[in-house]
């Protein structure tokens, strides 16, 4: 069997704060999680439970205080060695894109960083825009001229343009309207089928999460309290917190 | 349901409101009409930008200065809001209206303790017991602690309930709640909505909820008004509207929401983007996105008409209702 | 009340070399000799002096002269003071001026004999300068008096209070030797550096007398009732120091210096900067009444011819348009204005002059220590005797200008010779020759004479002012000032 | 406890800042061309005399040694002596500090008394009418545009030509002669305050406008509160927050650097002392004075921070 | 972009006060840039007229104590005061923006160091710093520029830092980091354009402060060197002659105030346009 794209073992993250780092706060406590290729893992949990922190660890933005992280079976190494293999889509459609860059430039940027030549870049950008369902003319627009859903599509296009192996969606649809949210959720599902990347889908909206995910992990106070196939969440999950979340749907 | 005999508490007719954005005028309301009666919960739903907040704020003339009244009438409790002088308006807001704003923490003065703010909202010189009493009515468990706290020390849910407590402090006849649960965790939402509903029932006032959370609405409202493009496109009892929408937009909205689908089923987003109007829309605003559109939809502005126990603004309402079942059942 | 334009720079009367300090010392200390209106020597602390030979002098102290602590001034004070000046530890710049003293002895309590190694004509005038003040040596040696942080002298006043940069309160020295003086019991001194503020203070009568360097000040105050003014001619004159030594300077070439000297428009300086109230001056100050230098090209030729000569000289030197920097202490606007006028007149001969107005301390260091400049504007104290002033042209004697003054052996010899010649027609002759040599060297130029514009409230104070003074002795009759009735 | 946790890092930062200021002032003074020897002796300075004076004041030591000595002495409360007067600098500074303080207080009070209410008024008016053209902007722009030395010169002129009640120079301590003191201090205070009025007015106006965009104001309006009540209960306090910071900076600036006005009006304050010390290359004065000014500036800003935290409870709680 | 232009037209020129400021600024800019080529006379020509001559048809602003025509001197003063401050502020803006970006984005030690540095500059009494710099570097344009920079640098650092803190948390920055962009690239490509608005606003304030400082330095005799004029040196020159030649202070003072005021007004308007503050009426 192929090794998982990303695997966390007993990862703990402690935030130091206060004078001389006097007090520590464990945002993650011995979290183990793996995401396989072509698999979407949903991550739900209440605010402050450590979802974002976990996402940042997976992206190599935050070194774990203890525990191990492997990427495709190997050690993670430095972030710049992983250029083009990781991507992220974040909350707040209005902040997902640099408001001063034309959308084409934004989408193109990861390609620039991986050293792809200009002609090829243009081609790839046009292709990916098409895949996310946007007309190539959008490349010339500024983010301010797009609707929230369109912006989030551009952000997804940017995340996909290098054919990464792993993408983190951190609250990628929370700020969107129901109808736009549906567009984006469908898009994620379709593209994953096509490209086969592993994905971590972070949200506190259980309904949206179970729609796109194969597996769902529930976080509470820095720990993963339940981890099971998403089908389970259409029925009755085990952990009482999961049931509480479900009740609100 | 047939027209009620009594005078409506709120009577909004053909309201047109534009925002001056510096470069152009955005028409947020394009002829919205709505009546709210005593002792009912009315929900207004719609996509972002459909004009819910504008409509709600207009009822108390609380719109920001760049909003301009371009036409229509607003009558609340017998006061003509559009033309009332400052004093009358103040009296109306003070005695009859209560507002719950979208972001509760921002709606509280950050530099003042909760107790004092609540006291200000109550008017007069209420003693600490009265304040605590009010807070516990809004289902806040530790009123003493909360009274001493500053707004930033409260969680979103607590702040939301404080704001609700302040809004009901003077027993308003009409409570307008703008997305009262948008900034809340799923688990707290229900509690807040329940509180609101209970308080409304206790005082016999009317409650208007502005939201885009359809599932929430379905459980808590008596009537629902669906907004699109600055108009109320469908208005009727919540069960009827949700079960059998008469407007294609309502239908699409229901289909797009995650949470109602079965495993493996696909969500069906509404194609296209919501309109941003700059002038009176002389067609059906939804036509460009509508699957059922006909040439007529693009040429003639639909007017409100009664159909199957509700008011609807659609040339093709019959076709929508006629389509066997709403989406949910259809998929099963 | 005296409106003093600047605070002292130090308390030590034997050390400080600034007029701002001297003026204050003159209130408190006395010198053996002083000068009168015509700049002749006059009795000071010494009621008489005897020139036994050219190298031996005997001074007799005034009866009753006493320090403000009540102790009578005696011969040991004189000897000790002069010793202190000569002591290199004191770092007094005045040591050289006194000539080479071989011995001093106290003949009795009131009489001192001083022996010089060789004749030194300026010995007596040097003693008339405040830096040669007599301090209470007994107290000094006993450690009761520290001349570096306090003042105690036999002058008309004594210091009662001092707030730095703000005010002084001087009280009558009760033991002052001259009966009935000082006429005022008390003198307040307000330090007001800003000219406008000083004018304002005069106008509202908060101060009674002050001085201005700005020639327009009297006019500006003209309309105020009770304000009178009195220009005092001094032996001082505004001067340019020209750097003859630095190879970096265009002025290293004497011809360039001469050309500069020729092309200066001294009349324009007088007219524009001083509104015609000053006068063209010469290395030997005109105030001393000699006519040395008056007939030299620099002064006698019409301007056009001077400019033509200057251009010729520059061409000869191969520098038709020398770039030079004219430095002036920014604290003194008059100097800056002189520099501006000079810049323009020099430009006519082809000079490209840049002005640098710098803080005083920087100016002092660059000119007098580092010699890192082209030429600079300042003014020269003419002291009380013409042969004193011109000694400055011997850098080895003057010392302060070693950094930029070229030594001309013939000139130095002539200066040494004239030092021992008393005031006489022969000396005038010698001065004329010397002046010609000075002009030839164009190393240190006299521009225009310096006038002190004394302004006072005639309704508030009775003053006595000299018409001419030497060495910043503007307030030499301070003891005779009295509140007006 | 929370206050300590809040203050401790700030005090640490303040100490670092002070250290930086002390090094900076020390080094830049040594870099100055010319020294006290030049000032004292004028042109007559000789290398020997220079060496003598350097030795007397320990200036012949390596810079590091000089610096350490200075800091060490200062920790013991010894700011050194002025070379000009041989008097301890600290005594002179302390004598002058009240003068500068009084001047600063006069200016600050005038600025606050005029600037803050006008700012609130102007902000409220600017929000109520849609026109931007309001007196607040005019007064603000005008006040900020008259440099103190221009105003000072003109005032000196006016008040000396028509000898009105005010006087220029001739400071007397308030304790000795309150009226005489005010006669000399009000004008420089007024001169200094004009900029402050503009500064406070504009800051207040801006913050009032910003506060008035906040939802809690809308909420108060929605509750039917009267404009007066809203201003009193909600706007005044909220708008004070940035104003406190600005006022602190302004006050610190007044205490440390009203040099020009002190020079113009011959007010014997700290600024003038430092100014003259600098011209005279009187190192101890400049070093001590600048450091004192920095201490005052930092302290006031720290106090403002605390005040800020008191007014705005969110600040103290963050982290 | 056309939107920006429209906003500019409506907001900047919409009201009389701003229009006045913009016009004045335009005039001053014109005089500053092209002054030397205008047929106004030679600012340095001594004895061009009588000493301290009152304003007349020939000498509109009168003459100074050396008989120089005051009008061209004022024009030259505008040039030196205005351009000098502009240069200084431009330099400062570049440095301050970069430092502020670094502090806000890199955080931690870099932030601490830069913040402390800014504090030190801030805590140093501005004019004393000015005197020191002028004394160390010698008076003149270079030191004036340095002093203005020292005084305005903390402003830029503080503002840019706080704006950066806000921007650095936004999604596109994280996305760029994840894509492997270097720190410098993130700062220049992603952060810089987004703090420019704040920088622009600060720029106009700093410019007016710069002019005040330049004039104050000149007023203390530490600015541009004679015979060249700056507005401050003219004021210093004139203040000595206030009683008999008030036009010197009045003209140069008025021009200086006008310059600062117009920069302020335009700055206000730019601020309003970039970040409109629309308070709501209280009824």
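Chains here go by letter, A, B, C, D and E, matching the order in which they are written, and residues are numbered from 1 within each.
Here is the rule we go by: contacts are C-beta pairs under 8 Å (C-beta built on N, C-alpha and C of every residue); 3 or more make two chains touch, one makes a residue touch a chain.
Nothing here was measured: the structure is a model prediction, and the numbers come from that model.
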item: Chain at maximum distance from chain E, centres defined as averaged CA atoms; value: B
item: Between the pairs B-E and D-E, the one where more C-beta pairs touch; value: D-E
item: Chain whose Cα centroid lies at the greatest distance from that of chain C; value: B
item: Mean-CA-position distance for chain D and chain C (Å); value: 41
item: Rounded Å distance, chain C centre to chain E centre (Cα mean); value: 44
item: CA centroid of chain B to CA centroid of chain C, Å; value: 92
item: Whole-Å gap between the CA centroids of chain A and chain B; value: 33
item: For chain E, residues contacting two or more additional chains; value: 135, 138, 239, 242-243, 278, 280-281, 283
item: Residues of chain A engaged with two or more neighbouring chains; value: none
item: Sequence positions of chain B contacting 2 or more other chains; value: 65, 90
item: Footprint of chain D on chain E - complex, ascending; value: 14-18, 21, 112, 115-117, 119-120, 122-128, 131-133, 135-136, 138, 208, 212, 215-216, 219-220, 232, 235-236, 238-239, 242-243, 246, 249, 253, 256-261, 264-265, 268, 272, 277-283
item: Chain B residues within the chain A interface of the complex; value: 47-48, 185-187, 189-190, 212, 214-215, 252-253, 256-259, 261-263, 266-270, 273-274
item: Chain A - residues contacting chain B, complex; value: 46-47, 147-150, 177-183, 185-186, 204-208, 211, 230-231, 234, 244-245, 247-249
item: Chain B - residues contacting chain D, complex; value: 60, 62, 65, 90-95, 97, 99, 101-103, 106-112, 120-121, 150, 152-153, 163, 166
item: Of all residues in chain E, those that touch chain C in their complex; value: 44-47, 51-52, 65-67, 134-135, 138-140, 221-222, 225-227, 237, 239-244
